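A short write-up of the structure that comes next.
A, B and C are the chain letters, set down in written order, and residue numbers restart from 1 in every chain.
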Amino acid sequence: MTEQLSQNEPLLSVVDLVKNFDDLCVLKNITNEFHEGEVVSIMGPSGSGKSTFIRCLNHIEEPTSGKIYFDGIEVTNPKTDLDTVRRDMGMVFQNFGLFPHLTAIENIMLAPLKVKKQKKAEARNFALKLLERVGLSDKADSYPKQLSGGQQQRVAIARSLAMKPRVLLFDEPTSALDPEMVREVLDVMTSLAQEGMTMIVVSHEINFIREASSRVLVLVDGEVIEDGPSKEVIDNPSHPRTKEFLGKIL
Amino acid sequence: MMNTKKRGKNKYSTTIISSVLLILFFIYFLFFSNADWSLFKEQFLNFEKMEGRYYIFISPFFLVLKISFFSCFFASLIGLCFAVIRNYNFKILDMLITSYVVLFRSIPAMVLVVLVYFALPFVGLNLPSTNSVIMSLSLLFGAYTTEIFRSGINSVDKLQIEASKSLGMNSLKTMRFIILPQAMRVVIPPLTTVLIDVLKTTSIAYVVGVPELIARARQMEGVIGSVTPLIFVSILYFLIILPVVILSSRLEKRSRKWSKA
Amino acid sequence: MEELSFSDLPRIFFNMDVMEGQWSLLLSGMWVTLEIAVISIVLSTVLGLFVALIRIGEDKLLNVLLIAYLEFCRATPIVVALIVVYFGLPFLNVTFSPFASAVIVIVFVHAAYIGEAFRSGILAINNTQTEAARSLGMTKFQTLRYVIIPQAFKLVLPTLANQWTGIIKDTAICTILAITELLKAAQIISTWKANPTPLVMSTVMYLIILLPLTLTTMKLEKRRGSKN
């Protein structure tokens, strides 16, 4: 490990992560560390393995080999109880993944009630606070179908926050949204970042990356070709593939 | 699916529970139900005793096919006519057809077969039992085919109807040349399901004394003192129905692909 | 038979004099029918859900077994199955009461269909929801219980209602066993009184049970159709 000098242990660390789909090698020996309070963005061309990478972190995708440690626990160890680990790792999906048979507030309360066995009143109070935080107090009793894409995604974020996770994973949270709705979701994410939430975000939203995230990983063909402070990487990319890629999206 | 290779303590829990239940059930059946399995071959698969008697099943075999064919034919005819009539939205006819559908979807096949067979002679209608079964089954399944044909007709784009009318075709011609040919494609997979049901339901004819497969098997069962004829008949049924089952699921798969494309 | 006029029909088919003193037999028959139906509906639905859960479990061997089971049920008439269980098994010294035979056969056959219905319902729910639930730390069981099954149930309800109607209808086939359910009771009285009125009355009773179910099913089917 290179960062032995850092005072605190990394919250999440990845060692030699490999993921193959049949013969296709999607992730090639990725090693990295994520510290508490960090906001890390991951970008790269489509098919570069960013989504697979972030889905491996909470083991929704099973890595082919390599190790992942979360708060000292080896996630990749078959003996680890994943359900316990996942409680502390929230995830926000591209397609929201809200439960359509439940209202917004029920979506948020479900996991605290069933997984953490919280009291109903307690869960409800916290859910209302979270809805207020994402600016949707008035939508508590709406069903997902009655909400716009941006509102749905904000509920999904609130739902993840309800478990008080130590890290939030975002898998292209704005790419399924109409352009006018991207802003409202990014605002919520930015304010979370400012409050010190540890976040790992797969995204192409350059402004968000520059403003809110501290570090950027550029993933190309399953390898991290660049890893550095956001502003530096975006304004002064060193790797030619990064330049090429940024040129396309800017 | 996520986690295709299951892991941790949940690894095979569902599988294990269900396997254990299945095994317990079989153990119960094998050892605790007092079943005398030594008799199994003699009683259930004693095909030696049936030698020279298979010819008895030839005519009932064709009788089952005949009943199924005519029932399906008349049921489809009823369905097609009623669906076409409903398409024209005459209020009274609509109501009548809808009540027919609801009524005959609610009557158990067995009840109708018995009712038709026992009740009609009282009004002087002495149908042969085979015909009364064909009549009952046609009426019953006509209710299903009406809905099948109707949804087939409804599946045709309204725009095409307007287009064909603008070409000067009258509504009968539109039905004949534009709507029905397209509806057929939608209609055929569910019709094969009806065919399966009809084939299975013909076995009810046994109750009203139609000399079909089961009736013959039960007679022979008495003569040779073994259930083997019944097993033979269930294999026969299986052989008749299975090809249709396979055809039906294949058609369904194809139509699903078709509707996706 | 003498010439009949239209006015004779009520005397033949709705002759209430024939029914006098016979209602109790008919009603007890209906009670037996309802007992078989309710027990079979509950058991086959539970068993069907179980079948579906095993089938989505992706265990190859169990899947093959259950597919064979389904195809077997699709291709076997209930009459045949009933006769084998009730008249055939005693040859192996296994004797079930007519009531038990009826329930066993109906549950066995319909659980296969209901299982298939549940399976397609569960598979229709998109995978992101499973992933979302699991990412919140919910177990597989919790995900099924709180997220997947409530939705699958709603999706499957029309098919399920249809199957339940089918179960009630199939109870009439049990008339071939030595059990006095509704149809058998009607046949007994009809034969004794030489009049079809009891049969007509039993048909009416079946309709009283089944019409509301059919209407509900059709309404549900229509709603599902308009949603798609």
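Quick notes on this one:
As a working rule, a residue touches a chain if its C-beta (ideal position, glycine included) is under 8 Å from a C-beta of that chain, and two chains touch if they have at least 3 such contacts.
None of these values were measured; they are calculated from a predicted model.
Connectivity note: excluding chain A, the chains that remain are still joined by touching into one piece. Chain centroids computed from C-alpha atoms place C closest to the centre of all protein C-alpha atoms shown. Distance from the chain A centre to the chain B centre is 52 Å, each centre being the mean of its Cα atoms. Averaged Cα coordinates give chain B a centre that lies 15 Å from the centre of chain C. If you average the CA atoms of chain A and of chain C, the two centres end up 48 Å from each other.
In chain B, 2, 4 are the positions where the chain touches two or more neighbouring chains simultaneously. Residues of chain A found to touch two or more other chains are 60, 82. Annotation for chain C: residues 131, 134, 139 touch two or more other chains.
Those residues of chain A lying in contact with chain C across their complex are 58, 60, 82-91, 93, 95-101, 110-111, 114-115, 156, 159-160, 163, 169. Residue ranges of chain C in contact with chain B, taken from their complex: 1, 4, 9, 12-13, 50, 53-54, 57-59, 62, 71-72, 74-81, 83-84, 87-89, 91-94, 127, 130-131, 134, 139-140, 165, 168-173, 175-176, 183, 187, 190, 195-196, 199-200, 202-203, 206-207, 210-211, 213-215, 218, 225.
Across the complex, chain C meets chain A through its residues 126, 128-129, 131-139, 142, 146-147, 150-151, 154. Interface residues of chain B facing chain C in the complex, by the touch rule stated above, are 1-2, 4, 10, 12, 14-15, 18-19, 33-37, 39-40, 43-44, 102-103, 105-112, 114-115, 118-119, 122-124, 151, 196, 199-204, 206-207, 214, 218, 221, 226-227, 230-231, 233-234, 237-238, 241-242, 245.
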